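In the two complexes below, subunit A is the common chain; its partner is subunit B in one and subunit C in the other.
After this line comes the complex of A and B, so read on.
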């Protein structure tokens, strides 16, 4: 039988998109969580503007990252329980390519919509417009790397007793380069330096992850399936 | 040689006569090293008596990263040749490495308070050591997270290999970034820059720590082997 790559691709993307639409609850949870964190910071740090401007950017980042992590380690868990992963494993397409598509769809339909909230929260915290612009760019690039790291961790923890305790421990140390270079861009913009070197480094990290992550995830999914 | 020792029974027979002497060696070296470093070595001209923390801080730090390196090597062996004994070795090393990395951070902050004025700074060397500690936690966590213990070995091995990225960052962090932590003074291109009288006790302490970690790892390996045998006996009884 001849394999039509394009049809498989479209069917896969459609299936993933539908599954995200049906679990819209997750997305709403993320937003509620984000709003809660944004609310908590001015209440705990104190409402004075000088203190808040020092940490306002960090608050937005923390809100985004902390709200993403609980969904990040569940990229494969429902597919694993339904038996979809086995079907992917036996399908003529390489498992690595399917993982890459899954990560892209996850990133495009679940993470990219969150960028709408960056300007809203930033205006609430008095962040200047130039930095909002750079924040959106960094988040769009860095979150792809974040999804790829999440793919590694969620495939490693397939079939564990307690998912939630280990995965932040796995995700955070691997994601440190993204935080460092993202923060470097913002610091450069704040002090009127050229932000591009740090941005290139951030893109480099994401590209390296784009190569490594599908290989590692596919290998550990194969291990999880043969248990 | 490795092939010969890869059999658990042959390994146990091999280590039985030498195990006790390794323990004696570690005790002797650490005893002499402690005497030399605490009593019979000069004070630092800047740091005074607090420099003596170095004689335990440096061995802890070296062996914390070296043990992680050996875990990753054992994991590579396990993933390629699928030999269960490599997995047992990696699992037996992990708790000791975790304790060493925690003690590195503790002794470091005890040394940092009188010298730098703070317990902790977010400097490259200190942060990368903390990440090593987190990797140890993650390794132990993931290797015990599965309902059947043996299912955790392959994910843990992958994690150990991924975490190897951190090791060169720890080693070279003092050269790549401007850190509060002092640069390397023993392993350098132009020879050690440390005083001869301080180098000798440090080397003796390092040897003592080497023997001590081998001794503890051997005990852990024996314990894990017994546990595995016990589990297979339970399976047989059904």
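After this line comes the complex of A and C, so read on.
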């Protein structure tokens, strides 16, 4: 029978897009959570501008990461519960490629729109424009890495009942290289050094994840489906 | 002998365990191909596990499964449909979108006319724009079974149906019987689990677990 691979791609992207559009409250939760952290932090640090300048960049990053983590472990859970992961398994397209597309769609529709909020929050926290520019670039690249790590953790915890507890524990250690190299770029910009070496390392980490994440995720999804 | 093997589905000396429970040990079945195979058994006897194992979702511990002359796994995945007892439709999408995307994922053409025709035959065309979460179990089941009513589905080798008659009304049952007969006439093989006593098909084999 003739199989049209273009149809598979269109169907997959359409399904993901419509699912995210109809569960827009997940996205709103992320934004509300981010706003809460960014508004509460200056109140707890106190009115000193010096202290705030020192930690302001960290606040934006922590707000972004903490608001993303709860959604990362839900990449596959609804598809697993309503049987769509099985349909992906039966699809003529390799499960690894389907997972890669799912991660890209998740990144594009849920995470990239968050970058719009970086300049707004950065202005609130008095972060210089040059740092805001680099923050947007690092976050756009680093968040793809987060999605790929999230994919591994989400697929590993599919069969478990208490995946809410395990996922953050799995995600955080794997995300440390992204934190280190991302922060390295910002520190280099602040001290007038060349930020590119750290940026290249960050891209390398994401590229490595781009290869290993679909393989591990597909393997653990197959285990979860057959148990 | 080889030509006979090509058209047959045979389980040889199959053992399957899930967790600590042994579901089958040394199971030997030769299915009727083409034809309707009705798998009967008490609750927990392993009917669904048998279908999942044939569909490659479960891996047998021991033994061999000959699927139409040892089809390769990828070819087999493209040559059968498994309709499970529980609905596998996404709650966030409408019935039409679910079927459209399902066809797309199989690599088949998806156009609205084809899906509308299939839904119309099952008498649920008016629910096509309803979200699955708003539909009753019967409508979900009919939407799920509409997957069998596409032209491409009739070209497959095998349908695996896990209790397809559950939640169906009389019209639904009649139409399902009609498309099952049509599929068997087109040299298709159906493996169906069922608790029904009365069987209205002509060419069938009962397998007791």
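What we mean here is this: the second predicted complex is superposed on the first by the 227 of 227 C-alpha atoms of A that agree within 3 Å, B and C clash if a C-alpha of one lies under 4 Å from a C-alpha of the other, contacts with A are read in each partner's own complex, and residues count from 1 in each chain.
One rule holds in what follows: contacts are C-beta pairs under 8 Å (C-beta built on N, C-alpha and C of every residue); 3 or more make two chains touch, one makes a residue touch a chain.
Remember, it's a predicted structure, so these values are computed and weren't measured experimentally.
Participant: Based on the shared subunit A superposition, would you classify subunit B and subunit C as clashing or fitting together?
Facilitator: When both complexes are placed onto subunit A, subunit B and subunit C end up side by side without any clash.
Participant: Quick one: classify A:77 as touching subunit B (first), subunit C (second), both or neither.
Facilitator: The answer is neither, since A:77 touches no partner chain.
Participant: Is A:223 in contact with subunit B, with subunit C, with both, or with neither (first, second, both, neither)?
Facilitator: The answer is first: A:223 touches subunit B but not subunit C.
Participant: Please tell me which partner, subunit B or subunit C, touches more residues of subunit A.
Facilitator: Partner touching more subunit A residues in the overlay: C.
Participant: For A:140, select first, second, both or neither according to whether it touches subunit B, subunit C, the two together, or no partner.
Facilitator: In the superposition, A:140 contacts neither subunit B nor subunit C.
Participant: In the superposed arrangement, which partner chain does A:188 touch: subunit B (first), subunit C (second), both, or neither?
Facilitator: neither
Participant: For A:18, decide between first (touching subunit B), second (touching subunit C), both and neither.
Facilitator: It touches subunit C, and subunit B stays clear.
Participant: Hey, in the superposed model, what angle do you get at subunit A between subunit B and subunit C, Cα centres, nearest 10 degrees?
Facilitator: One gets 90 degrees for this angle.
Participant: May I ask you to decide whether A:37 touches subunit B, subunit C, both, or neither, giving the answer as first, second, both or neither?
Facilitator: After superposing on A, A:37 lies clear of both subunit B and subunit C.
Participant: Per the contact definition in the header, classify A:91: touching subunit B only (first), subunit C only (second), both, or neither.
Facilitator: After superposition on chain A, A:91 lies in contact with subunit C alone.
Participant: Touching A:201, do we find subunit B (first), subunit C (second), both, or neither?
Facilitator: After superposition on chain A, A:201 lies in contact with neither partner.
Participant: Check the superposed model and tell me the shortest C-alpha distance between subunit B and subunit C, rounded to whole Å.
Facilitator: 6
Participant: In the superposed arrangement, what residues of subunit A touch both subunit B and subunit C?
Facilitator: Subunit A residues touching both partners: 227.
Participant: Where on subunit B does subunit A make contact in their complex?
Facilitator: My answer: residues 131, 134-135, 137-138, 141-142, 145-147, 151, 154-155, 158-159, 162-163, 166.
Participant: Can you list the residues on subunit A that touch subunit B in the complex?
Facilitator: 152, 156-157, 159-162, 165-166, 169-170, 172-174, 176, 216, 219-220, 223-224, 227
Participant: Per the contact definition, I'd like the list of subunit C residues that touch subunit A in the complex.
Facilitator: Its residues touching subunit A are 18, 57-59, 74, 77-78, 82, 84, 86-93, 97, 100-110, 152, 155-156.
Participant: Across the complex, what residues on subunit A touch subunit C?
Facilitator: Touch list, subunit A to subunit C: 1-5, 7-8, 10-12, 14-15, 18-19, 22-23, 78-79, 82-84, 86-93, 225-227.
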